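Both complexes below contain chain A, partnered by chain B and then by chain C.
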Partner chain A sequence: MNPSMVITEAPGLFTADGLTGLIFLVMMAVTLTGGIIACCAERLIRAIAGLIVCFIGVAALYYFLNSPFVAMMQMLIYVGAICITIAFAIMLAAPEESRKKGPAGPLSGPLGFISAGLVTFGLIAMAMRTTFTSYPKINNGTVEEIGIAFLTSHSMVFELISIVLLIAIIGALVIAHTGRSK
Partner chain B sequence: MSLLTLYNNLNTFLYLAALLFGMGVYGLMTHRTLIGMLISSELILAAASINFMAFNRFTAPDPATGQVFTLFIMAIAAAEAAIGLSIVIAVYRNYKSVDTEDLVDLKG
Partner chain C sequence: MSLTLLNVIVAVVIAIAFAAVNAAYLVWAERRGAARIQRRPGPNINGPFGLLQPPADGIKLMTKQLMIPGGADKILFMVAPVLAMVPAIMSFVTIPFSEGIVARNMDIGVLMIFAFASMGAMAILFAGWGSRNKYAVMASVRAVSQSVSYEIPMLITAITVIMVNGSMDLKAISLNQAGGFWHWNIFPSLQSPLMPISFIIFFICSLAETNRAPFDLGEAESELVAGFHTEYGSMGFGLFFMGEYANIVIGACLTTILFLGGWGCPFGLFPGVWWFLLKIYLLIATFIWIRWTFPRTTIYGLLNLSWKILIPISLFNLLLTAGLLKVF
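Showing the complex of A and B:
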């Protein structure tokens, strides 16, 4: 997937480009299905399973966007760490038997649907009406370029993010520890 | 524009990210529990990351910048999940519930 490669004519289904497009369509469907399960499931454990499916699809989309490194990080961090952490929290703190049924309020279902639909419609309409200009690439965006960008032009943010992660770990320990003595 | 060349189109990714964002907003408003809201906010973050990556692939001159942004979003999401889940555990210890309707101690 060379960034400069632009396909103009429609490829046949059983050529390499056609199969690539087919895999992309399948992965798009996987992402959307996972998202629908994650936002609509009644049981939390099903929602987290849908979130895992959605994130696997998103990792495949990153691969299609010429970023295999970010796709790998998506699998490692989101699927492997964040979703598993949320699954542990569900097992620790969400007993299914005490769960009340139904939506969060009398109006939250329809109103939530309307507002989410408005936001989605606005974003799609804005993307449709805008023409984005594309600029020539100055490098290939490989892992080496990402590393150079991390340690030169984004080094300040890189250091700050490590401090943020350290404070988050300490804060999580403190918050989870305080209620334990009761 | 054939259906099989959709992956070479910026708008495909923008529509997909908009749909994921809408799902996240819907889940954030309808989920009853704090953990469900956290799951929906992860969907919103994923939509933002897809937008960054799509613009990085199709328009940006330096293709490393968007990937760096997405990696930073992942680090922030990991920190947010850790803090949020420890808050959920602390709330569960105090109230024996993570339902948003049970957390009404400040309600007069």
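Showing the complex of A and C:
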């Protein structure tokens, strides 16, 4: 696609652009549906299922945006590791029906709707006022290119991630250690 | 564009057919193999050598009524068997059976297979939770802790192989080992002298990841009735079975590509899909042989094996390989 092209009218459904748009909309729908299920489910385990659907939608978006590596990492880490860990914790902690209990927080009800509406309105207003310019593809998003970028131009990010992971490991060890001595 | 799309659709259809045929006939092979090891005949009535047994089983499973137990979480209960099958089918898309026979070669093939394989644990979790049965819940907790802990040494070992080959592309890894068995990754080289140990770790992990005996704690029938699929009948059960056998085939394919030279011939003659199939079926025969030879381990023995033995060894191997790659 021409990078400076601006789409003025909606393309037909059976053109390349139209089908691309349709696929994009389907992915958005999957992500949003997952998110809504995750927020509204009464059972925690269903909320996890919604979160997984949401993550898969996001992974599909990454793939759609020419980053297969990031998409696969999203699947591997978020779906394969984080969601399973959360589900595991729920199963160990609450083996019986774990429905919502207790009084609702101060943000539920009208206040919640108002704040959500404000955020949505703000985001829409911001999106409408921005003029989007499309850039040409930077690279193919292959492992090699990402690796080179990580170790040359973006090495700071790489180091920071290592420090975060190191802190997480030390924290886990500290928690496990105090748990053992009790 | 449209040709690529058609390519992918045809490939997915072929992958489903391949997985289904394999699942059906691996069940037959498993039962015959088990019978041979236990000195009994096994299924031998329907057709020659009992070869018509799998279609009969399939028809039986498909005609049975799908029962959902009262109090079960209906949606999760229905979704779980499908979730067991879909990642297995998706992984077939990127496996190169030979130089020309690959549906969609990706430069991150290894990563893609691991990404989809990690979803398999989710199916077991949902099945166990959705059936609202205490045996199923216990079995799924066990099976998930098992597959999470064995994923780590498997990934580390895979990273070692990827580092030696300098690529995540399954096709490139296979082509790297072309030209005779002494080029295969399973044999020690200057850069990675511990390759045979990597192979053993990878093989043990693929046994554990597919929930096969001696690591089938998830369906320990002497303790947990039938494990996470206790409440499943008819095709729900059938899908779990197909998913399990499809995962076994994928494990064998991955082992073949990463360590045994993919479709290359051991003597450099006529490389092609036949060598690939021969290698994966030999590996699967080993899977069956191991299942019916070794008794089941305990859950502690299983987790200790992963965390205290396999992970340290594979981490050491990774460090050693990284160091030697710098030197040589």
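Rule of thumb we're sticking to: the second predicted complex is superposed on the first by the 129 of 182 C-alpha atoms of A that agree within 3 Å, B and C clash if a C-alpha of one lies under 4 Å from a C-alpha of the other, contacts with A are read in each partner's own complex, and residues count from 1 in each chain.
We adopt the following convention: contacts are C-beta pairs under 8 Å (C-beta built on N, C-alpha and C of every residue); 3 or more make two chains touch, one makes a residue touch a chain.
Just so it is clear, the model here is predicted, and its values are computed rather than measured.
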First, second, both or neither for A:Leu92, with chain B first and chain C second: both
Partner chain in contact with A:Ile84 - chain B first, chain C second, else both or neither: second
Touched partner set for A:Ala16, first chain B, second chain C, both or neither: second
Chain B versus chain C as contact partner of A:Met73, first or second or both or neither: both
Comparing the two partners chain B and chain C, which touches a greater set of residues in chain A: B
Contacts of A:Val53 with chain B and chain C, given as first, second, both or neither: neither
Residues on chain A lying within both footprints (that of chain B and that of chain C): 69, 73, 81, 85, 88, 92
Residues of chain C touching chain A in the complex: 1, 73, 75-76, 79, 106-108, 111-112, 114-119, 121-122, 125-126, 128-129, 137, 140-141, 144-145, 148, 151, 168
Sites on chain A touched by chain C in the complex: 16, 43, 45-46, 49, 52, 68-69, 72-73, 75-76, 79-81, 83-85, 87-88, 91-92, 95, 142-144
List of chain A residues in touch with chain B within their complex: 3, 6-7, 10-11, 13, 17-18, 20-22, 24-25, 28, 31-32, 35-36, 38-40, 44, 47-48, 51, 54-55, 58, 61-62, 64-67, 69-70, 73-74, 77-78, 81-82, 85-86, 88-90, 92-94, 98-100, 102-104, 108-109, 111-113, 115-117, 119-120, 123-124, 127-128, 132-141, 145-146, 148-150, 154, 157, 161, 164-165, 168-169, 171-173, 175-176, 178-180, 182
Chain A-facing residues of chain B, complex: 2-8, 10-33, 35-36, 38-40, 42-43, 46, 49-50, 53-65, 67-68, 70-72, 74-83, 85-94, 96-101
